[in-house]
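Have a look at this one before I ask anything.
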Amino acid sequence: MTHVCLADLERAVRDVLPGEIWDFLAGGSGTEASLAANRSALDRVFVVPRMLRDLAGSTTEADLLGRPAAVPVVVAPVAYQRMFHPEGELAAARAAGEAGVPYVIPTLSSVALEEVAAVGGRSWFQLYWLKDEKRSLELVRRAEDAGCEAIVFTVDVPWMGRRLRDMRNGFALPESVTAANFDAGTAAHRRAEGVSAVADHTAREFAPATWESVAAVREHTDLPVVLKGILAVEDARRAVEVGADGIVVSNHGGRQLDGAVPGVEVLAEIADAVSGGCEILLDGGIRCGGDVLKAVALGASGVLVGRPVMWGLASAGQDGARQVLDLLAAELRDAMGLAGCDSVSAARGLATKVLRYG
Amino acid sequence: MTHVCLADLERAVRDVLPGEIWDFLAGGSGTEASLAANRSALDRVFVVPRMLRDLAGSTTEADLLGRPAAVPVVVAPVAYQRMFHPEGELAAARAAGEAGVPYVIPTLSSVALEEVAAVGGRSWFQLYWLKDEKRSLELVRRAEDAGCEAIVFTVDVPWMGRRLRDMRNGFALPESVTAANFDAGTAAHRRAEGVSAVADHTAREFAPATWESVAAVREHTDLPVVLKGILAVEDARRAVEVGADGIVVSNHGGRQLDGAVPGVEVLAEIADAVSGGCEILLDGGIRCGGDVLKAVALGASGVLVGRPVMWGLASAGQDGARQVLDLLAAELRDAMGLAGCDSVSAARGLATKVLRYG
Amino acid sequence: MTHVCLADLERAVRDVLPGEIWDFLAGGSGTEASLAANRSALDRVFVVPRMLRDLAGSTTEADLLGRPAAVPVVVAPVAYQRMFHPEGELAAARAAGEAGVPYVIPTLSSVALEEVAAVGGRSWFQLYWLKDEKRSLELVRRAEDAGCEAIVFTVDVPWMGRRLRDMRNGFALPESVTAANFDAGTAAHRRAEGVSAVADHTAREFAPATWESVAAVREHTDLPVVLKGILAVEDARRAVEVGADGIVVSNHGGRQLDGAVPGVEVLAEIADAVSGGCEILLDGGIRCGGDVLKAVALGASGVLVGRPVMWGLASAGQDGARQVLDLLAAELRDAMGLAGCDSVSAARGLATKVLRYG
Amino acid sequence: MTHVCLADLERAVRDVLPGEIWDFLAGGSGTEASLAANRSALDRVFVVPRMLRDLAGSTTEADLLGRPAAVPVVVAPVAYQRMFHPEGELAAARAAGEAGVPYVIPTLSSVALEEVAAVGGRSWFQLYWLKDEKRSLELVRRAEDAGCEAIVFTVDVPWMGRRLRDMRNGFALPESVTAANFDAGTAAHRRAEGVSAVADHTAREFAPATWESVAAVREHTDLPVVLKGILAVEDARRAVEVGADGIVVSNHGGRQLDGAVPGVEVLAEIADAVSGGCEILLDGGIRCGGDVLKAVALGASGVLVGRPVMWGLASAGQDGARQVLDLLAAELRDAMGLAGCDSVSAARGLATKVLRYG
């Protein structure tokens, strides 16, 4: 059957992925209030479309960190993608390359970052702060050497949030999947009742990053630095002050602080406060082109998409991931035109209304 | 069984129409968020009725584009009405005539506009912008010659929105139904998996209209011109500036931009901004006389009704369509009186409260 | 089984009353949006209780139209109470007398008003405006002569609203039940498909009242006059101007204009505007003592209760109706004390918060 | 099975406790609107977490009434804990001691307060006002002598609210459980249809407290006095004026006035008004560490937790109660860190957003 929207892929994949891997992918932390709120927040935003404007020469092209992307979409960093498909990050990165959008290689990539970067296309590197600062900066250097165009420094993970599904499942990585960017030890594979081995592993390897860690990264590289996981206006302002080139307004897909406000709810305020000081990306719950349009109308330069690309990957590897990105692009083209926007920057001017229904 | 409200007809028809034709009629685009919101928006509006005012000589009569209608209701343009009943637009137009309300003949009428106009009553012509401007203006001229009283220029369809139901159904027109106003080719009848043939067909035939297209129509005819599909205050103002005689505040029944704000939510603001500069009609989700009262209280001169008239048509042809219009008229008469209004203009002064329940 | 709240009685009665009589009692007009909103509006009001105030000498006694009632509760006028129990209005009025609260005898009483008034206790007379003004004023005179203490002039019924349940049921009065206050003819007993005989009957007998009708009543009697069915602030103000002694802020239990705002939503505003110029009662959806407390906190002197008293009547005649009023009184006593109020006027000072949950 | 959150324990216990004891524990008064609202109010609060702040030396330690607690959590007074486990208050108090948090011994303790206080750890004594003031003050003196550190004077119980579940169950105490702090008579054990024997018993024993009762307690003891059950800003201000050391903003877990506003909804306002004049605790619906974080962010020094500790007690006595407190502590540690807070006072500075979803 043809998939006419991303939810079709979600359903298909939920039925075939092993339960605990589905749970790892789909779940959030705690009561999953923030996970649910990410969607609710987008559902409440309505757009006021414009009519009769010239659509000749329309383009969805976007400038992301100074370079063009086919659409204002980035593949979000997602750990251990070989859990979803044997080719993991390689397949997903190739799909992103074909689709003309940046791919963020995770620190917890299950394929070495150099191999992923080698598939071509634009790649960015997502950094988790390791217990040893030197090793952290080494990762940055390796990413730079491998041709990554930016460092996406994830700042909302001093440790992993309490993902109850994983704890209930006593979840551990399958034997065949490992953190390929460094010598990861065996902790992520050790099953124990009531414990997420993945959380346990990151607690051993990672340390809470601070503004000093950001300064260290900033000094260490000339690549653009993007702070991923900002929700407070003050933190956004400080990001600009310390020389960040961008931020991702995000609650980490509802996987860190349960009860954290959805990015959508603070986006406009942050865009206002930052007013061009750095690039603003949004993630969390983006499920169709119309959601991308909403994010842009509220002030984002573009969005990151996490789970949906994994649905594509799980369903048909590179082709599946590509199908997801193509659907998003087609939907965005449609939505922009129907809203009277011939470019992403035209979409930034659209009015929105927050309505509460249901 | 007697039908005591329009929802009774809806249920009856849903059970007998072929599934994919029902879906074509009932469906919206994307997640159908705007479709659902059209109803939710009306459900949240409550009216503050007035008491003890003189109701002797009460009338539901309305002035629409300078001429009287029995009620402030217009039959909305709906494509391909022969899908719902063999007599299609002829039956529906006759019903409108009997009920004393204008009927909008669609560009995509399945009966030639001249034949439909010939049934008598008031008819308006709905214009889609064809790829060739000359052919578009020819349609306008034919409508004028056939006695149509107004041109309803639909401005929210640069192309058809993504109607997922139709895509899932691989929907195409039945052989016996065609676009009768022009040589339409075979595209609308070509079934393909995952594709709406109707959307495909309109993509081939229609071009995005612009404000220049409006100017061309405005110059080409002396008939009143109504722009259908306006949601932004700025577009409403511009409509007045370019000499439009009316606008339809509408998100096209939730069938174009999924996530577009419901007309009801912007109506009062637009009525305020336009303040009499042109006539303001509303459509989307009108399902009873009380909804008409709400629309008028919020600033509309009247409403368009789409799907319900088709339920009537599908259930019993001309009689069925007539029954729908009669029910609406009876309900409106009731609602106006219970709200203390002896005329449509009295209803325009009613206060409303937007409440969020459920 | 003991009934610990009114909802227990409702459930019990729903299971035993003939379906169409239940529907007549329970139903509202149209989509029953106003009926549902009456409850939702009350559910959203939360009270800020006070603590540690002296409760010695607490009383629920209220002053209603210048005379004391045991609680600020009035039995609302409900037509044709012999449908619910053979003793009908007699049983209900006796229960009200025992409970120390006024009973409103309806124009459409199924026992002659003189007989009902004769049971003792406080009775008020509810007036519908008959086609013939003289006959209307005759009713007023008869009520006065029978010892009624007030005229409750219902102003929101120029005709009966569209009660779809009754229309679907083709509802007519049982043979044994008639409008006992006047020669009512047979219309209310004539069954026809899709028609409510009761609505049909009132359409024949009643005429829309106007402010002039109010003036006529005002001149005709020295009894206090209460206008029942006011929702607009302007109408409340005018009621004071024309010498009304009270108003009932009410949407007629959701039975007249479907989409009419619930009284609770406009009560505070009206209380403010009227500021003591006349007595303000509320009705619609009062189902427990806590609801009475909310109404008083929002500015009412008291409430009318309709359906619940009929549940009691239907379940056990006079004793059942009495049980309802006793439960309400016990609940109110409890709620007042827990909110720190030793009197109804103390309750009028309570703060409220409107919260939206669920 | 491991319990990964408190709701796991709730489910487990609901399945094994006798129905009427479960109902006594879980239920609220009336329609349970305030009970439900306690949760809804917390669910609507979202936190704006801060990033990249130094978490070295993080602590959840809190100052409660001038002394340290391991977390800003207090075990709420809950009557008759031997109903949930044979060791009742002894087991629960020991668990609190192990967890390093204060335990509030109820007036209606099923173990004598001296025995409970003797288990060690911090204990506070909860006071209900007995009919005889002298006996009330005697309780205070006994608590002081037994080493209790504070008097928690419950001010929202002039009598017990109408708990319909208990009334339906004709609930009475099991023979083996009694009010151990005084000679309680037999009323609480006398079953009668439609009556809660526990409510009946308290009506016989307790009297409505007033501000004078508070003054009497204030004079009678040098221990800190905390008023439990404050919801109005004026009452909070007066508490400070009469020398209270703290207040518990609370609607008594939805068990007293049904329709009383949830504490969460008035907390910020009260914290503002009191501005440090006394300590502010919150209770009602706290079910995870994230809820504690929300309470602190809104202005509380800490929270009381009622039912969840009883779930633990019922499931595994002292160990179970301890497990509840440990889970809360672990969750709070997690939430504070993910929100960038190294201390409870840092958490007090967090911004919140009230969002309405669902």
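Letters A, B, C and D mark the chains in the order given here, with residues in each chain numbered from 1 onward.
The definition used in the following text is that a contact is a pair of C-beta atoms (placed from the backbone, for glycine too) under 8 Å apart; a residue touches a chain by one contact, two chains touch by 3 or more.
Remember, predicted model here, so these are calculated numbers, not experimental data.
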item: Rotation in the CA alignment of chain C with chain D, degrees, nearest 5; value: 90
item: Interface composition of copies chain A and chain B: same or different, split at half; value: different
item: Separation of mean Cα positions, chain D and chain A [Å, integer]; value: 41
item: Length of the line joining the C-alpha centres of chain A and chain C, rounded to whole Å; value: 58
item: Junction residues of chain A, two or more chains touched; value: 356, 358
item: Arrangement of touching chains [line / ring / star / complete / other]; value: ring
item: Complex contact set, residues of chain C against chain D; value: 2, 4-5, 7, 43, 45-56, 288, 290, 293-294, 331, 334-335, 337-339, 351, 353, 355-358
item: Touching residues on chain D, where the partner in the complex is chain C; value: 30-31, 33-34, 36-37, 40-41, 44, 155-156, 158-159, 161-162, 164, 167-168, 193-194, 208-211, 213-214, 227, 229-232, 234-235, 256-262, 265-266, 356, 358
